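There are two complexes below, and they share chain A, which is joined by chain B in the first and by chain C in the second.
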Partner chain A sequence: MSAARVVMRSMWRKASGKYALIVLGLWVLVSLISLVWTPYALLETDGFHAWASPTAAHPLGTDGVGADVLSWLMAGSRTNLAIASLTVVVAGIFGLALVAAMVSRHTALRSTSVVVVDALISIPTVLIALMLSVPFGASTAVIVAACGFAYGLNLARIVRPAAILAARSQYVESAVWSGASGSRVFVRHIMPNVMPVLLVQLSMSAGTSILAEAGLTYLGVGVGVGVPSWGHSLATSVRFISIYPLTVLWPGLIVTMTVIALHLFGDALRDAIDPLTNPELREAA
Partner chain B sequence: MRFVAKRLLLFIAALVGLSILVFLALRVLPGDVAAVMAGTNATAARIAALRTQMGLDRPLPVQYVDWLGGLLHGDLGISAISGRSVVSQVGARAAVTFPLIVLSLAIALLIGLPLGCAAVITRNRRWRGLFHVLAIVGGAIPALWSGLLLILLFSHGSGLLGLFPSQGFPNDGWKDCGRAMASLVLPALATGITAGAGIMRYTRAALGDAAQSQAVSMAMACGMTRRQALLRVGLRLSMPQLVSVIGLTFAQMITGVMVVENLFALPGLGSMLITDVGNRDLIAVQSELFLLAAFFLLLGLAVDMAHHALDPRLNTASDDVQEVL
Partner chain C sequence: MNIEIRGLTITIGDKPIVRDVCMDIADGERIGLVGSSGSGKSMIAKALMGLLSDTARVSGSIMAGGRQLIGLDDTAMADLRGRYMGMVFQNPAAALNPVMTVAQQVGLPLYLRYDLSLDERLDRVKAMLDKVGLSQDALLKYPHQLSGGQQQRVGIATALITSPRFIIADEPTTALDSITQRQIVDLLTSLVDDAGASMLFITHDFAVLARATTRCYVLDGGSIAETGTTASLLREPASEPARRLVAAARQLTLSRDGGIGDGDVGSRESMGVESGDRVIMRKDGGDE
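Take a look at the complex of A and B:
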């Protein structure tokens, strides 16, 4: 049995892992379906049935212009999937580059990277997004850049202790003495050691990027006008909260459930891929 | 001492770098500030006049030095829309935002610290599971949504229980302290719950690590109960770590605070910044962005200093680490 299947099976066995896999699987599936089919076209509106309660024709009701809430949420899931995955990629690459600098053999590089992270980490994501949105306008790229930058710094700070511990180990010492290059030592010996912490942190970053998207879109510096996203659905229903409270329920619920799934996914993945905590993986290898 | 000097130097360098970044973001990148501010129907003469009036026709370095000199004298420029000085605007708005952040943080600490400690102290598996669920669910709720749910539950007028006002801030500000406070309760709860769940997670992790330490075993060997040992010895051990986490939570809470300021129609710094960005009042935006970012850099500096002051091990250990690597 391949290692990947063992990992999936161990995750599936626990209730929290099962929940995470189901929700994330549905998320990807719905995003893919929404590319070719949604119950109604996004711009198809029915002015006579604005703010309709859930019916058979509109399972989650309609919004203020009579557009189908379910269709917008389905289309929104692909925007959020793109934001979350791109944020993970940007934060992962940026964070790992910082970690590599933090454990490098050049003293100057090492100490500058540590202090730069310490100095910049307190700048909130929303300020970075605002700074970028002035020249570039509100867009998905601005959210990804702001989140990727802020979460990359955070990642570097959290992963650093594990990386330093690995860098001081005897196997790294012997690798260095036998002539391995700096990049080889980092990729072969240090990265596997920080992987558990890294994965947990990355999946939490994906969750936080969804929350950030909702907040930034509400503030007008998130996804562009007319782009479907969960934050967009949440923000458009806010104005009529006291009259039509139901429409605000669905996007909020979806965001909360997905973020929970991402948190649990990180924890389950960490337990499943670490041979120290997962005996089955040791047997498979 | 070497650490303090190094950290201070870095703070100043970061401040200068930040000011250049904010300045350039508004000048060099696409879109001429004057053309944007004059609007789409403006004539070329109007744009040129505006450019001269705001000093935008001078070379960039001169403009930058001029702006920086103004900042050092506490002169942040004049808002092009309202005509008021940015300083007085920021001051009035900060009187709403800072109490809001402090109240949110207090709520977050009141929720996060006791629950985080309880999650480590309890031996009951059910309770542990419950605390785990609380921490994860609480941290997954968007501030916008929890704010809305709070409005639906507790606001005057539309809510189920009419306990607190949900819109606006008293016009006479803090003269009527009770009313001003009451209008901050729901927004502070909305951001405090999410931040509290984060603090709870970190407290549980830090105290959980401390529970494995020899200091806690020693305290128990000397006759303390597990709970006493954790609260008196374990908590003190994890304090430096918690202080830096709480400082960062404070900084990241500003996103939620900006959202609830808009949601609850509070005249705070966040809603001012959003309005000014929307109005393309770029001179004001430039100074406000810099001021806020500088505040958070200062906060980071304070947290780092506190961390070092609380943890004497760092002063000796950091040098050792440098040698080993």
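Take a look at the complex of A and C:
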């Protein structure tokens, strides 16, 4: 059996892993469906049925302008999926580049990068997004850039100790001995050995980017006007929470369930891909 | 490859770690470098490899096969290492990358230094595993699936895969039990002799030294305290540091064996090692 299948099976066997896989699977599925079909068109509104409770025609009710909540949430799932995946890519690349500098053989580069990361990490994500939104306007790209930057710094700080351990190990010395270049040592010898920490951190970043999207959209620096997202659905209805709590409940519930799923996914994946904690993987090898 | 070290001094900060060391290793010779912890053994090895940290200041001369190693740039040094030198590390569990299979590990120096196809590399790796006594099943195994002795065999295979002319073994048996120690030392010496390469064997264990080397240098506080054939050094160490090391080796052997023997190195049969140093000395240095 291939290693990938063993990993999936080990994750599925645990309740938390099963929950994460189901929720994330549904998320991807709904995002794909929303590209071709939603129950109602996004701009279709029914002024006579604003703030409607769930009915057969509108399973999750309607919002303040009478638009179908389910359709908006379905369409929002693809925006959030894009934000989460792009954040993971940006944070991963940026963070790993920083880690590479932090464990480099050049003393000056090593110490400078540590100081720079420590200084930059104190800037809050929201502030970065606010600053970026001034010249570029509120957009998905601003959220991805702000989250990717901030989470990349975080990732670098958290992965660094594991990377240092690997960089100072004898197997790296042995690879250098054999004539491996600095970049090769990092990609082939250090990176695979920090993978468990890296994956957990990246899945946490994906989860946090969803929360950040919701927060930033509420502040007006998130996704652009008219772009469906879970944060948008929350922001438009949160002022009426005491009168129409259901319209806030649905996006809130989805955000919470997805963020929990992403966090659990990271934990389950780490346990499953580490041959030291997963005996099945050892047998498969 | 013959190695000639002259006046080697290594200083870290203001502290001299190695002082004015001179050593000669002839082509095909197996030389021991023995000393207590902190005497500077590994520093000399690192200087030979060109892997000293950039805070260390080195002076003197190290000639390897007629080339000056001190001051050589990183690329040239890496090329020299990859083609002509091999290194067996102290702790095999730490020297093998936990996420690489045996085949990847052993094939790495070939991949980095030689322009060979995957099949050619695999053939060489298989032949090498055969030489170090590992079955072909080991090819796709990860380090944690191997025993300590098997791991060190992989380490030896990695060091010897490029048929190097000079091998540095940095306490290669310290992390192993005494039976495995003997097997590994015998394997290493026979492979080195077969290849006609020279070897620098670093250790603090005189019993291992006697099996692995013919001549040795005793290092104390960063300088050479004594040199001579391993057998004569074991029999009558002249310098105080050498006497201390030999005495310590004897004491350790005695206490390990429960105090049998007559104050000499004592019996090692109980550990499955061939009758102790006296026999080895007879073999190597004509004790009788």
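By our rule, the second predicted complex is superposed on the first by the 285 of 285 C-alpha atoms of A that agree within 3 Å, B and C clash if a C-alpha of one lies under 4 Å from a C-alpha of the other, contacts with A are read in each partner's own complex, and residues count from 1 in each chain.
Here is the rule we use: a residue touches a chain if its C-beta (ideal position, glycine included) is under 8 Å from a C-beta of that chain, and two chains touch if they have at least 3 such contacts.
None of the values given here were measured: they were computed from a predicted structure.
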{"item": "First (chain B), second (chain C), both or neither touched by A:Ala212", "value": "first"}
{"item": "First (chain B), second (chain C), both or neither touched by A:Ala119", "value": "first"}
{"item": "Contacts of A:Leu130 with chain B and chain C, given as first, second, both or neither", "value": "first"}
{"item": "Of chain C and chain B, partner touching more chain A residues", "value": "B"}
{"item": "First, second, both or neither for A:Ala4, with chain B first and chain C second", "value": "neither"}
{"item": "Touched partner set for A:Pro245, first chain B, second chain C, both or neither", "value": "first"}
{"item": "Contacts of A:His189 with chain B and chain C, given as first, second, both or neither", "value": "second"}
{"item": "First (chain B), second (chain C), both or neither touched by A:Thr107", "value": "both"}
{"item": "Which superposed partner A:Ser178 touches (first chain B, second chain C, both, neither)", "value": "second"}
{"item": "Common interface positions of chain A, toward chain B and toward chain C", "value": "105, 107"}
{"item": "Contact set on chain B toward chain A in their complex", "value": "6-7, 10-11, 13-14, 21-22, 25-26, 29-31, 136-137, 139-145, 148-149, 151-152, 157-158, 247-248, 251-252, 254-256, 258-259, 262-263, 270, 273-274, 277-278, 282, 285, 289, 292-293, 296-297, 299-301, 303-304, 321-322, 324-325"}
{"item": "Contact set on chain A toward chain C in their complex", "value": "105, 107, 169-180, 184, 189, 192-193, 195, 275-276, 282, 285"}
{"item": "Residue numbers on chain A that touch chain B, as the complex places them", "value": "103, 105, 107, 110-111, 115-116, 118-127, 130-136, 164, 167-168, 207, 211-212, 214-216, 218-221, 234-235, 238, 241-242, 245, 248, 251-252, 255-257, 259-260, 263-264"}
{"item": "Chain C residues touching chain A - in the complex, by the definition given at the top", "value": "49, 51, 54, 78-79, 81-82, 87, 89-91, 94-101, 108-109, 112-113, 140-142, 144-145, 158"}
